[in-house]
Amino acid sequence: MSEKKTILLAGGDLRQARLANRFAQQEGCQVYSLGIDQEFLQEEVIPLHSIEEYVQKAEHTDYFILPMPAMEDRDYLNAPFSASTERKRWKAEELLKRLSPTAVVFAGKVTPHLRTLLERYNLKWYDYLNREELAALNAVATAEGTLQILMEELPVTIKNLKVLILGSGRISKVLRRQLVALGAKVTVSARKPSDLAWIGMESCTPVHIKELPRVIDEFDAIVNTVPAKILGEALLQKIPRETLLIDLASKPGGIDFDTANKLGLKTIWALSLPGKTAPITSGDIIYQTIQNIMEEWRETSGD
Amino acid sequence: MSEKKTILLAGGDLRQARLANRFAQQEGCQVYSLGIDQEFLQEEVIPLHSIEEYVQKAEHTDYFILPMPAMEDRDYLNAPFSASTERKRWKAEELLKRLSPTAVVFAGKVTPHLRTLLERYNLKWYDYLNREELAALNAVATAEGTLQILMEELPVTIKNLKVLILGSGRISKVLRRQLVALGAKVTVSARKPSDLAWIGMESCTPVHIKELPRVIDEFDAIVNTVPAKILGEALLQKIPRETLLIDLASKPGGIDFDTANKLGLKTIWALSLPGKTAPITSGDIIYQTIQNIMEEWRETSGD
Amino acid sequence: MSEKKTILLAGGDLRQARLANRFAQQEGCQVYSLGIDQEFLQEEVIPLHSIEEYVQKAEHTDYFILPMPAMEDRDYLNAPFSASTERKRWKAEELLKRLSPTAVVFAGKVTPHLRTLLERYNLKWYDYLNREELAALNAVATAEGTLQILMEELPVTIKNLKVLILGSGRISKVLRRQLVALGAKVTVSARKPSDLAWIGMESCTPVHIKELPRVIDEFDAIVNTVPAKILGEALLQKIPRETLLIDLASKPGGIDFDTANKLGLKTIWALSLPGKTAPITSGDIIYQTIQNIMEEWRETSGD
Amino acid sequence: MSEKKTILLAGGDLRQARLANRFAQQEGCQVYSLGIDQEFLQEEVIPLHSIEEYVQKAEHTDYFILPMPAMEDRDYLNAPFSASTERKRWKAEELLKRLSPTAVVFAGKVTPHLRTLLERYNLKWYDYLNREELAALNAVATAEGTLQILMEELPVTIKNLKVLILGSGRISKVLRRQLVALGAKVTVSARKPSDLAWIGMESCTPVHIKELPRVIDEFDAIVNTVPAKILGEALLQKIPRETLLIDLASKPGGIDFDTANKLGLKTIWALSLPGKTAPITSGDIIYQTIQNIMEEWRETSGD
């Protein structure tokens, strides 16, 4: 990066503010921000207050960074932190069509419509949510957020807590290690023998998913990490009232919430934990991920 | 314990309710409770609703258990959970003078006046707060409560958090291990070379207390565990505004709160954490401690 | 398994003996062993002393279990534990051709010739070395064996040891966690950003493989886990004489041993650690793996 | 330390050589060594080859450092590393009487006779073995040495190993944490309720010493850390033959070895582990301890 790069960020929350501040600390970067109140930005970041100010800078922008998630709805940018008193709304297309044709766009969770727009204006773009390392780093923040919920909701310590984790993916791996380190008794359900073997090696009790009916009533808390309806009526009916249920799975979730409510079970659907419980770390993770992508481009382009 | 023992609990909060429920699950115990709403008690515990009902049972009581702390003020029992609508108050002396002369009294934090009363009525008594194992077990709950505060108050993860712990006693030992396990960068201040050696062995950075002025500005959070005014004006002035201060030390505390406030530092004085963040575990700890005391008596009395 | 199953084991070392003993403890199993001295076998296992005794049982065998590795050379079974004074040799084909046609064969590391034989006699067979859970469970034993070598070879403690692990696969994951738990300072090299992210999350220092030349001289020990020649002449020349090199990679290994020797570097090529440092655990792992395979068959065959 | 200090080391093994080398790296120190072969010393350390060479330097020595243990027998220095072919012997008194009267002597395990000599020549002295931080730091090295023995002697992994530790002092605390971190199932015996409480909090099973007869037959290995005959005939008779016994207690030890041998139990009396399994770390620990003592003197003397 021999000459000064222009980075323009639009929309977003505390995570996006953190991103702007991190880029501003980097040598050789001129950073502009549209749609984040000045109180969250360091003085090195230049805030843009109107579409006119935006247009002037957009023509010379090298990197245009949209938040996670990028869109509020079909047309408008996700910009919850714009202007402390009244919240301004920006149409994504209005912004994209003014961008320099050589600008590269980074965005989290690109919707089909946003994709159409990016292609309409021939922009090079990258959805950072698809990166492996972002998912990995987010797993830690998500697991810690889950610990926080367990601590807040239960009148007992994590020490000696009996926890069942459904699933053996990224978040499960981090969460079970944290729980074991704090002295919880952790059971993890999975299907594959190799997953069950790893679970056993990490001082947890492995349980095959088909044995859940036999053990499901033994826990103080159950945390689901699998995006599939695992806790349906048959299993929910066996769970004691005192057990806390936390669902970390996105979209349809893994718990039949209606049935759970009818049965009087306490359930918490904890989505997007990192952005909520650790927004600064979350911004750092997006920053690191975008840095990695840029670095790879420089390498392959022979810079 | 060949014949049925009568246990009477008076006053207290969720911890005392837990104690009552635990004793009620034990074979050979008849448990009565005064001053805890019935909704918190299992059906095996018989609630007493008036001083008259109390008097009937008090004469035959083997163990009389007061809460932690035992007293609300000089004369009255600490009884925040009595009657959901109006809170009833009970004079300690009124209760004690009706007790069987062979009853043994357990209480937490016996005040000088309570002590006078216990001696006036010639009662055998024990302050369970003085027991080593209660302090040890409480340390875990206190450390977890501190983790919870760190998670709730800071917009970053414990992972990679830079934390300074002042002091190297029981709570420090547990807290630093929990923090290290979650990936924090932990520094601990102490005075004795052997403490500094242990700190270094536990993957923490030891710092002599007299070097604090040199390093005090490097942390995301500072947790005091020492009951001595360590953070006075000179040190506080060097601490950045973003640093979170948590004081776990009782009575005078270890932070000059007035100066901290003037300097705009965020400080939290977190007292009696176990009772607040994990009352059920806290009740279990008191239960276990009283069990140990009874066990020792049985042994020495040759039962 | 309603009726009694006949299990016949042939050849092998302490691991195979352990396997025989484990099966013998299982209800409904009749276990025979060929080629393991009786002193290593529990009395429930019936030793076969000659090919004639073998033939009698082979006709009724349900499961025929060969060791890991199954073959000593092209034709003969791997049987280092047969007869304490003179070691007997058995041709694989001589054994296989006498087996019941319904017998199922389990073997570790099936060679092309063994495969030809198994197919010639139309036997159903399984190479348990290909199972994911065996690899996973072995990783722990391999990592512990590596710890043992580090302890034996170095005049310093693991505590504070500076270790570089090359690669981020199964063994690396377990080894780095063990080392961190014992207080070592661990650096791990990898190539993928997501691997580097995970490494950083596990309290290790991630280093991209192309940065190795810059840091390779900073370690007390270097452990290679990658089956590719990573430590060639250029890197080896930068490594100090005091650094211990351990290669866990099979076949060609990851270290240019000739160059390392010329440079006076101490290198240890540690192959098949589990079988050497923990043969009983290793036998248990094979037992567990075979159990899983049998279980899956029973399920899919609707038993 | 404004002017150059003269440090003279006599006798000792690899630990003493390490000490000499560490002091030689420190600015402002001139280091001489008597009785360690030159091959173990860095070139900054000047070796003394005869009593005559010693006398010349002894008169100007500021610090005179004896090894651990200081004495081989009543009169002679412990000097196992002197001269590769023939081992030279030095009388302690011959050396001490030539020392500068202002020299300070550091020694490990000062015997009554050595003490008499030190007082006869009016020398200021310090037994560094009595320092708390040396004991603390040695505990880690001792625990690691115990892990090494367990790995070498047992055909199974530490993972899932059932270990009983007798006693709850310094070494027990470090060892149980290491074992738990590697996945062992750890039971610890103690007497005091507060010790039993801590044990339970560290993911170990606490067992009161009087309950040992009930559980003593359940372990793969038993490690004694208590300097009292705990494992007498009655208990030894209940221990299975396969159980490995390790005694870390000094002097009389905690195991009745004669009975253990008669019963065919495998016992290892592992004394002075740090000096054997990690001599360099052990030398570093002594170095750090002597540094702390000097530092404290400087402070109290107002330098």
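Read from first to last, the chains carry the letters A, B, C and D; within each, the first residue is number 1.
To be clear about the criterion, a residue touches a chain if its C-beta (ideal position, glycine included) is under 8 Å from a C-beta of that chain, and two chains touch if they have at least 3 such contacts.
These numbers come from a predicted model, not from an experiment.
**Q** Out of curiosity, which chains are bumping into both subunit A and subunit B?
**A** Joint contacts, listed by label: C, D.
**Q** Report which interface contains more C-beta contacts, comparing A-D against B-D.
**A** Here the pair linked by more C-beta pairs in contact is B-D.
**Q** Since subunit A and subunit C are copies that touch, just let me know if over half of their interface numbering is common to both, same, or not, different.
**A** Same-residue interface.
**Q** If we define chain centres by averaging CA atoms, which chain lands farthest from subunit D? Would you check?
**A** Here the answer is chain A, farthest from subunit D.
**Q** How far is the middle of subunit C from the middle of subunit D, if each middle is the mean of its Cα atoms, in Å?
**A** Centres of subunit C and subunit D (C-alpha means) sit 37 Å apart.
**Q** Could you put a whole-Å number on the gap between the CA centroids of subunit B and subunit D?
**A** 39
**Q** Just the number, please: Cα centre separation of subunit A and subunit D in whole Å.
**A** Those two chain centres are 51 Å apart.
**Q** Counting only residues that touch at least 2 other chains, which ones in subunit B make the list?
**A** If we look for residues of subunit B contacting two or more partner chains, we find 140, 159, 183, 201.
**Q** Per the contact definition, I'd like the list of subunit C residues that touch subunit A in the complex.
**A** 131-133, 135-137, 139-140, 174, 192-194, 196-198, 201, 288-289, 292, 296
**Q** Can you list the subunit C residues touching subunit B in their complex?
**A** 159, 183, 201, 203
**Q** Okay, in this complex, where on subunit C does subunit D touch?
**A** 14, 140-141, 144-145, 147-148, 151-152, 154-160, 178, 181-183, 277-281
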